[in-house]
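Down below are the structures I want you to see.
Shared chain: chain A. Partners: chain B in the first complex, chain C in the second.
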Partner chain A sequence: MRWRRDWHAYLFIGPSLLGVLAFLLLPMVIVFVLSFFHWELLSPPTFAGLDNYRRLAGDGESWHSLWITVVYVLLCIPLQTVLALVLALLLNQRIKGVRVFRSLFVVPWMATPIVMGLVWNWIFDPRDGAINSALAVIGVTGPDWLSDATWALPAVALVNVWQYTGYNMLFFLAGLQGIPQELYDAAATDGATPRQRFWRVTLPLLNPTMFFVMVTNLIGAFQVFDTVFVMTNGGPSKSTEVINFKIFGTAFREFDFGYASTLSMLLFAVILGVTLVQVRFFGKRTTYDMS
Partner chain B sequence: MTKRILLYGTLTLGAFVAVFPYLLVVLTAFKTQSQLNSTEPWVPGLPPTTANLTKLLGGDFPRYLVNTVLMTALLTLGQLVFTTFAAYAFARLRFRGREVLFWLYVATMMVPSAVTMIPLFLIMRELHLVNTWYGLLAPYVLGTPYGIFLMRQFFRGLPAGLEEAARIDGAGPLKILTRILLPLCRPAIGTLTIITVISSWNSFLWPLIITSGDDTKVMTVALATLNRGIGVDYNLIMAGGLIALVPMIAIFIFFQKYIVRSVVLTGLK
Partner chain C sequence: MRSPRIRELRHAVTLLAAATLTLTACGSGGDGGDGGGTGGGKVTLTYRLWDDQQKVGYDKVMAAFEKANPNIDVKIELLPYDEYWTKLTADAVAGTAPDVFWMTPSQFPEYVTKGVLADMSPLKLDTTKFHPTVVGSFTYQDKLYGVPKDWGIVGLLYNKDLFKKAGVEMPASLTWKPDGSGTFLETARKLTVDEAGKHPEDPGFDPAKVKTYGFASWNHYQTQWMNWVNSNGGKLLDKPFGKYTFNDDASVQALRFGVDLVNKYHVSPPATQTNPPTGKVTDMFKAGEVAMFPANNALLPYVAPEANFEVGVALMPEGPAGRAVNLNGLSEAVYAKSQHPQEAMKLAAYLGTEEPQKLMAADGYIFPALNGLTQGYVDYWQKTKKLDVSPFVEESKGTTFPLPVTTGFTGFETKLNQIFNEMYLGKLDPKQAADQAVTEGNATVK
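Up next, the complex of A and B:
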């Protein structure tokens, strides 16, 4: 009987296993191997040894792209995490209309990033845009936003914050509702101030939620592409050329697939590194049930 | 009292910021070019015009819309079926290699999609599937490790021994899955459906890479390139944006409960 039951299971798993092997594992192997080759599609690939990595080491533009990406991540993640937590705390009360607010805050998450990139393009328009029009009402001249090398990256980051704050708020809300009321009662009996209750009870108990939110948001933010593509196309003067955009350009505009693979490996290493650091950091304080 | 006013003030401001870009899409889509120039962005153009929508729907846009609908439907269907199959096997069947395979799946959850874009394109090129429906759908139609992980958690939560009676009656695994387990899984299925629909509908980078002709071009790619034309016509783009957003808003209104629950389900345990 055993072989028969096994056989069934393999049938059930078959299609997804094909997907995992052919479209996740095989690509990882290919991108790793290709990072050691020169290949511009028209001629066959030639082995390059460490050439691509040597080129990367001296390639200021690529490091600039990585740096831009890190700045982008630092602009988005702290802001949207803190905002989401604050909103969750505000909405974790028994007040009227709380459900309506919760729903409204999640609305941005559903938006097609391409469409929202286009809308925000216009919100940031220096002359007719909503932001500068509103600033003009109070007599302030706003910057050129997307065509200003200083403001373009924060502007793109702001769209990300807009899109994901409410979504993250829901995670925190779920986390907050999982904290037993007795703990707060006990803390209150011991004379803890609201501030102490937040730092000593709420925040430590939100650790699993914080871990999940941080890991998924960071992985997503490091790969930002859609909004950059429609809002700035990497400009002005490469000030928003994030690493994923650089990889895309190297492969599909310059057709340098070998070097683009090397850049992909760089991005992979960074994401893996950042994730492992978080696992270490949060792992000490939380047990995350993977079983 | 002041505290209450402050609280509601903050919440209202936040909600306004959350909804404002949507409002802008709607208002602009129904403005004429001259209304666009003469009114502030947040002021509706009166009388509203449907000229932008008509113009857009008279061109190639409906094709791209149909392609997006088709892509979303096929991806969602495929992912639901194959994800449920795999999750069921991992959660409720015993077989050799189960643990190893499951950890393989969990490990691939870590693979960022940006990193696999280039090799995926090269694989499709090798198979002569660039610019075809197969190429567009193949990488995502077989289910995602993330979805499988989610569903597996749900299947494991169902009481043990649920299948025993059916098995004694001689029902096979497929029958047990469809007749006994699936009806209990509606919340999880609903969640998975919504996540898949949203991510397929909104997907951009892969379609951009793998398609070029009109036969497979999807709406997001069409809108992004509409933006690249000389003299950007905001009304037209916003009309396209409106068409892209309406199904998402409809899903949101009808499935709010699922969405909130989906977050709870994906986020914790």
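Up next, the complex of A and C:
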């Protein structure tokens, strides 16, 4: 019955559905299956049972990579989210040239990660780079950034914050503009201070936006790869060897596709867990429908 | 012991994976080198390479081959270097690799041990006609698995203007010893100047404010420390497809010398500026901040046209064990499962003959692997850039060594670079670094 009525719809989603199946769901299923196999790519896979998972349990390097990734996420997400929100609040005002600013802040998001990484490599150069030259002016000797095991990860995180803040700002801006002015007027009438208005009106009403931004950003941050690839190659001394970089190396440099699949499953499980926690956290809070 | 169900599953997975990889391959533009149509008795071969400059030369080469073999069409596929290897692996898994393609010494072990490359014995090539290091790089269990194509060799590029300004002559022969004696370090010191005009041995020299460095010593295995190791009598591998051995005394001495050039003698820029992947030694040389810079001749097209000073080429320094320079060969490999094995072998054999190799040399692309054809390349650089590249040729006639040919190198490379980055930073002693690297490396050998 429904098929008869809706077949046009299926026809229209057909091509993209095919794409999702072939390039997203199918590879995911394959990765899951492969995680139970030994496969060095050019020779046929052999069934490994739980070998790869046992190996993972005792593989300190991979857990270290996961830990590095968590630290990276913690460095990126809070900073990026707060900055994006502050920017959105500022750009939600009626000031001159606001459109130009809005566009400018989104530019980093459009930059190719590889090109961006190369440019930042110059900026982080310990001797001639912009950052250390600026620090030298105020009499501070900057660290060796990308050659320093303490600073390399924060440096990479900073680049990603720079890249995604403007993009997230767009979502917050859209969220802010969806909040009816009457609510602010009412709050002002009741004598609410600007601070109270932010915490009691703006933030609660931004809940759906916040949920979207947090979920997508956390997923993205856990999957960081390109900036690490260009800027540090996982070094110095594995201090930036995030889990996705480890997966890439295991698969395409060591040709160990079985174990790389197992590592992918680990990352998948972590992301799934973190996302479920967020769904519960945001689900418990009230969402106001303003439509 | 394996149950039928699991066997079935295994086949299913292989098929699925191959299918996905093929799909992905299609998605990225090529048609996966399907061996071509056979309509009208004509055979289409796929020839794959990664160098867009050399492709211009190969267009001519293939036209000549097609003229002599009217029943064969050759389709050239050009891929960027990184994508080249990913796609080649994927195609080999799917059984659709190109018929003939380029192979490097560091990737060779992976592909040859897994049966992707065809044995060249049927061609009955006279291997003595090719450079022995190139032949050695593509030999596995006494059989040749690729027609030697060309070689690139490390030589010492130098900035003639900086030499003139410092009033220094390039010695006829540069020599080095682990204790710091010899003409090489002496020359590098004379060319190293800080902002106050002082040299490293002068009192009050400030290593943090160097204007020009005499030399670039950095973490690059092909052009740097492997050459120090070999010219000091150290050994990288015990035998082809063997175990790494570069933690012996002579190797560690040589590694220490390379690091000392940076951190003790201060004639080279600090590792914070040169370590891969962010290092920019080539840019520093081009900017006139470094006087002597070991590089493979393949880098010349990227350096010579952009340098606003006169570039010179000199022989690499001689160590206690003489001069030993890395010579990196390429070969034309034939896919073991090619749909048209006879035609593919015919093409590979042709590419190893004088006509095409001479053409590639005369257009200044490469030094041919076939002996006696280097003059074309030398003439090209003399004529177009007034650059005397004959020292590269002289080096190739002396002691040369290949990159350590063994399995697992592609996986080891990242780890090796990370460990040696620490060594060049002075955070890890050369002995410790070498021990660590050798242990890691040997764990990847299969």
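Everything that follows uses one rule, which is that the second predicted complex is superposed on the first by the 270 of 291 C-alpha atoms of A that agree within 3 Å, B and C clash if a C-alpha of one lies under 4 Å from a C-alpha of the other, contacts with A are read in each partner's own complex, and residues count from 1 in each chain.
Criterion: a contact is a pair of C-beta atoms (placed from the backbone, for glycine too) under 8 Å apart; a residue touches a chain by one contact, two chains touch by 3 or more.
Because the structure is a prediction, the values reported are computed rather than measured.
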{"item": "Superposition on chain A - do chain B and chain C clash or fit", "value": "clash"}
{"item": "Partner chain(s) touched by A:I30 [first = chain B, second = chain C, both, neither]", "value": "both"}
{"item": "Contacts of A:S147 with chain B and chain C, given as first, second, both or neither", "value": "second"}
{"item": "Which of chain B and chain C A:T232 touches, first, second, both or neither", "value": "second"}
{"item": "Contacts of A:F252 with chain B and chain C, given as first, second, both or neither", "value": "both"}
{"item": "First (chain B), second (chain C), both or neither touched by A:A22", "value": "both"}
{"item": "Which of chain B and chain C A:P113 touches, first, second, both or neither", "value": "first"}
{"item": "Chain A residues touched by each partner, larger count belonging to chain B or chain C", "value": "B"}
{"item": "Chain B versus chain C as contact partner of A:F47, first or second or both or neither", "value": "second"}
{"item": "Residue range of chain C overlapping chain B upon superposition on chain A, of 1-9, 19-27, 127-135 or 217-225", "value": "19-27"}
{"item": "Residues of chain A at both interfaces, chain B in one complex, chain C in the other", "value": "22-23, 26-27, 30, 34, 121, 230, 252"}
{"item": "List of chain A residues in touch with chain C within their complex", "value": "22-23, 26-27, 30, 33-34, 37, 39-47, 121, 124-127, 144, 146-147, 230-238, 249, 252-256"}
{"item": "Contact footprint of chain A on chain C as seen in their complex", "value": "2, 6, 9-10, 13-14, 16-17, 20, 23-24, 27, 86, 89, 92-93, 110-111, 114-116, 270-273, 275-278, 280, 408, 410-411, 413-414, 417-418, 421-422, 425, 444"}
{"item": "In the complex with chain B, residue positions of chain A that touch it", "value": "5-6, 8-10, 12-13, 15-20, 22-28, 30-31, 34, 87, 90-91, 95, 97, 101-108, 110-116, 118-123, 128-130, 133, 162, 166-167, 170-171, 174-175, 178, 208-209, 212-213, 219, 222-223, 225-226, 229-230, 244, 247-248, 251-252, 257, 260-261, 264-265, 267-268, 271-272, 275, 289-290"}
{"item": "Touching residues on chain B, where the partner in the complex is chain A", "value": "7-8, 10-11, 14-15, 17-22, 24-25, 28, 37, 40-42, 82-83, 85-86, 88-90, 93-96, 98, 101, 104-106, 108, 110-123, 138-145, 148, 172-174, 198, 201-202, 204-205, 208-209, 220, 223-224, 227, 234, 237-238, 240-241, 244-245, 248-249, 251-252, 256, 259-260, 263-264, 267-269"}
